[in-house]
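See the structures that follow.
Here come two complexes built around chain A, the first alongside chain B, the second alongside chain C.
After this line comes the complex of A and B, so read on.
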């Protein structure tokens, strides 16, 4: 049955599996609130994964890897900024193009650099919270993660506050609803949306970097496996509330771990059923919360001053 | 022997598609943007463009019946199509290298199309067929398309979908007796475990080769120690490239007490390896299909179930020339060295002797090995 060691591994693995979704989902949420539907977050994640892996491999520092991953995601989001925010092109089409382009480019780079050696990064540093990490079962599982996990949770709390209580947060929410009104009030719609789109890029890049550096210790082509699209759904379901992204992502991650647990314990359930659990959970969330999901009225619509 | 590697084409093609999509986005924006929603039809244009590139429907279908192939054709060039790059130290690399060995042995040229993915192999298979006398459609997802193209072009193809896909002169299936290799691996694992618990990780529940490896592994381990504990977990239904999932699931399997792990992974195998390398205690890894000794930096590789496609591919070339292609399916087994177990220095001599004895018994037909076809059947063996 489930030993303490196995339970710890399952909970730890579930939270770790949810972290890339938290990072990408938080960035996506900010972008969506500003009216920019960033379909390209999958591409930003894979670029972040590649950049983070290469930087960590070269410097031996996961911190440098995260920095590179975030910057890589931000750099890719500039395509979104230029083509969609500045030029007003179709956000969905450009987002798909970003994903396809990023997947192609990273596959090519991987083939050139790593296909003969498949280098791997060892286990990254862990920040154990004193006393709490000594608790049985949940101690190491909940309180023994990479520092970026705690920083991300703090960022989610800060983001919740910032979106509601700061002028920048107000501007972000307003350009997603009535950009013309914001423009008339003297706030730059383009600058605000640029900031939001680049936040999504940084989030996606960091999510990809976490995947490659902490979770996998590897980079291989297409390794994000659609996680960027799950992050988009989580951001939509969160209805503008960052902490809901955190809850949804960890719920998804834990349900993935639950699938592993059911197999290891030998519960006689068909594997098709086992692997449908995470997706069934997302569907249940959709039914419970999604029908009231609120999307900004100017989401995915380009803004051109003077046009109505 | 001329070798053209198409592995590089997939990346540029994706980039081209990306550029096409951006151009399409520009086109969409030419419309007044009054209330332009994101779901303008412009985004569908690239898909149509891609389809337009395929000349399939315009080409007159060859009316020649398949039986005409039986006359035999001189094979001067063969083609091989694979879904991933031939650098994965697994299925794709083993298949392409096997095809290269077969072509070289026969004195034929070879055209390699690697990194094709699974979505649209038809146009590439057709191109390969135009320039070759035999095509190895080296993916279990290519069977339907390959058979269709083989009928259309009269160029026979090797497929992997199902034994029923065999048709004389058109297509033949390669049956891999993967359970034989699994049995030998199980013998090694049961001898090497310190904890008395072995682990199996698979990347895809429906992959019957993974199931057969696992079934043989269980039988082989139990032949050494009937009480050995074995735990098994799958990363996903088709999580071949899920390297993060490979790490996560393997860490859980190790936490269950396993200290020798059979990893059926493809790309996710590198996640399995990472989990083993990072484990607190010593854990051994047994790989499948390819030979990962080159990338075993931490010396965790205990062994590997190696597949050698060279012999059967060469046999297929001979059959095309003799006009007998497709009269029988092909088989890879210990007997024809299509399946083997990699001997590393980590396996003690006395254990290897047991392996050699078992090998001879299997070839002689003295050992009956389970050959499950699904992961559910593997799990049932553990109940």
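After this line comes the complex of A and C, so read on.
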């Protein structure tokens, strides 16, 4: 039953399905470490998906699509920056608003532009890493993806290093724990959090763009389907370590991919059950590990100088 | 809300800075007390403060419409025309209020106890699925009134049951319910669809989509007088008013308010925090599930696969604007029903998807927090519920005081 081909498809599919979560989760993780709980990541993803799709359609280049998706996410995160980081408004209310607003807006834009034509974009280029991609089974599954997949994995490694070893990384971590100490040390709380919140925007936007450009090949309203919320939980469970986000996201991808593969080989399993698996997994992981989940102590708390 | 008389009113910028700015306790005191014109003025100020975000959102929505080449004046004209000035539209607006009121009631119970049940859509849709599946099975054997009563209760129980996992996780593990209820919602929507396509499915060659059996119009909730309005609106009104008086006038309401204001205080007062948390979740889920049943038995008559009105998050800003007050919630739900009902027809006329309403709700949320921020900065009181929401996040913040 488990032929070599199926195994390849399984791993390839798992990696592809996990990628939007890796991107969004990494951004969210940086944001959470800086004390900004970005509940609006779902909205940033859908905006990124829309922007990425439109740009790819217009230019014919997936690269431009990713650029546009990332910029779109960053633009949406500016709302978060102005309202939550600068003015100190409630991060959850604003986050829900961003998600609802982005879903409504992209649905409207989609209807105005594409409701008659339903355009699709062709298959995106893949970068087959020479030699490695010729390996049996894992070759094409692991080393035959769009370049952004490898770039993201490099970014996760770089992020781990940067969070631990650079001044900016230290500032980000500190501002999530004791913003007043960071302020006293002469580092701007607002700029640090702005940087972190915008990283989350870029990550969410890229994740959405990946979903639209690579996974789906088109844009459908509400296509993110709760992935943003899974990304938030992944970031929480990862306890601030980027590589755990990658691991968690690929586990999610594999579970989706496995269920699809089971359907293909004739095991009767409903699509709804498949879609429920990741959320159930998250709940189980929360029960098992949630008690150890570490959250920055100033998470979701706005910083006002001179207030205690 | 009833300010203490010496507190500067939020809508008077002249008073800014001069008055005491300390926040008052967030437990909602019963209305009454100070009498005379100042009370009227305060009420007026509260009303303006609450209405402003809605008005601003409607204006900003109009700008978006204009950007997309639609005439906003015509659009909103259609909204009002269809939702208020036409007889059938007016009835439709009232019909729409029924499930919204019950969801609002469920949210008020939870939010007042500082429990952020955001799993409304899963609770609602599962109740709809069970109602749609079970009612046709019982109809042939039992009298109509009994079936309707039983199925309404069933809907409520299903809604309550879907909160049990987040409730236990919150009560005994201290896991934040915002995330767990959201996860349960995604699962619940899928389970509802599995039910509709599986055990509750009825083969019907006349339909292009999987769905449950149709409940005869004569077997649905009875209508009021000669209108098309079903008695669900009464259930909704009773539901939200009972919740209002329960929360402001009874000892159980006081306990939940204490739990909301400070879990630590509740613990020291000898209130069983875990039990109260569980109770709050169950009541909240029951009311929301009841809303689902009412919608199915009153309006839909059957459930088709992948039907999900996703009303839950749309009600959240309404109860915030109403500051968890039942009467005010009725007013805001009515306003929203006008917008949703008229908006559906107006967007269709304009060739746009109905998701425009999501954009409006998002704007209401943002303007709500911004106007609140400005009110607080001017030395007013602000909306205590927003402040409390702010203090409620984090996976393990048990025992942290709300203010």
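Going forward, the second predicted complex is superposed on the first by the 288 of 308 C-alpha atoms of A that agree within 3 Å, B and C clash if a C-alpha of one lies under 4 Å from a C-alpha of the other, contacts with A are read in each partner's own complex, and residues count from 1 in each chain.
Here, a contact is a pair of C-beta atoms (placed from the backbone, for glycine too) under 8 Å apart; a residue touches a chain by one contact, two chains touch by 3 or more.
Only a predicted model underlies this, so the values are computations on that prediction, with no experimental measurement involved.
When both complexes are overlaid on chain A, chain B and chain C end up clashing with each other. In the superposition on chain A, A:223 contacts chain B only, with no contact to chain C. Contact with neither chain B nor chain C is seen for A:288 once the two complexes are overlaid on the shared chain. In the superposition on chain A, A:9 makes contact with chain B only, while chain C stays out of contact range. In the superposition on chain A, A:89 makes contact with both chain B and chain C. Judged by the touch definition given at the top, the superposed model places A:120 against chain B, while chain C stays out of reach.
Of the two partners chain B and chain C, more chain A residues are in touch with B.
After overlaying the two complexes on the shared chain, residue contacts for A:157 are found with neither chain B nor chain C.
With both structures placed on the common chain, the touch criterion links A:280 to chain C but leaves chain B unconnected.
Applying the stated contact rule after C-alpha superposition, one finds that A:107 touches each of chain B and chain C.
By the touch criterion defined above, A:17 lies against chain B but remains apart from chain C after alignment on the C-alpha atoms of chain A. Among the options 3-11, 75-83, 93-101 or 255-263, the segment of chain C that ends up inside chain B in the superposed model is 93-101.
Shared contact residues of chain A, touching chain B in one structure and chain C in the other: 37, 83, 87-94, 96-98, 100-101, 103-105, 107-108, 111, 221, 225, 270, 272, 275, 300-302. By the touch rule above, chain A contacts chain C in their complex via residues 37, 79, 83, 87-94, 96-105, 107-108, 110-112, 221, 225-226, 229, 232-233, 236, 270, 272-273, 275-276, 279-280, 282-283, 286-287, 290-291, 293, 295, 299-302.
Interface of chain A with chain B (complex): residues 3, 5-6, 8-10, 12-13, 16-17, 37, 83, 87-94, 96-98, 100-101, 103-105, 107-108, 111, 115-123, 211, 215-218, 220-223, 225, 256-257, 260-261, 263-264, 266, 268, 270-272, 275, 300-302, 304, 307-308.
Within the complex, the chain C residues that touch chain A are 64, 68, 165, 169, 173-175, 178-180, 182-184, 186-187, 190-191, 193-194, 197-198, 313-314, 316, 320, 351-353, 355-363, 365-366, 368-370, 373, 386, 389-390, 393-396.
Listing the residues of chain B that touch chain A in their complex gives 7-8, 10-15, 17-19, 21-22, 24-26, 28-29, 33-40, 42-43, 85, 87-89, 115, 205, 231-234, 236-237, 239, 241-249, 251-257, 267, 270-271, 273-274, 277-278, 294-295, 297, 375-376, 379, 382-383.
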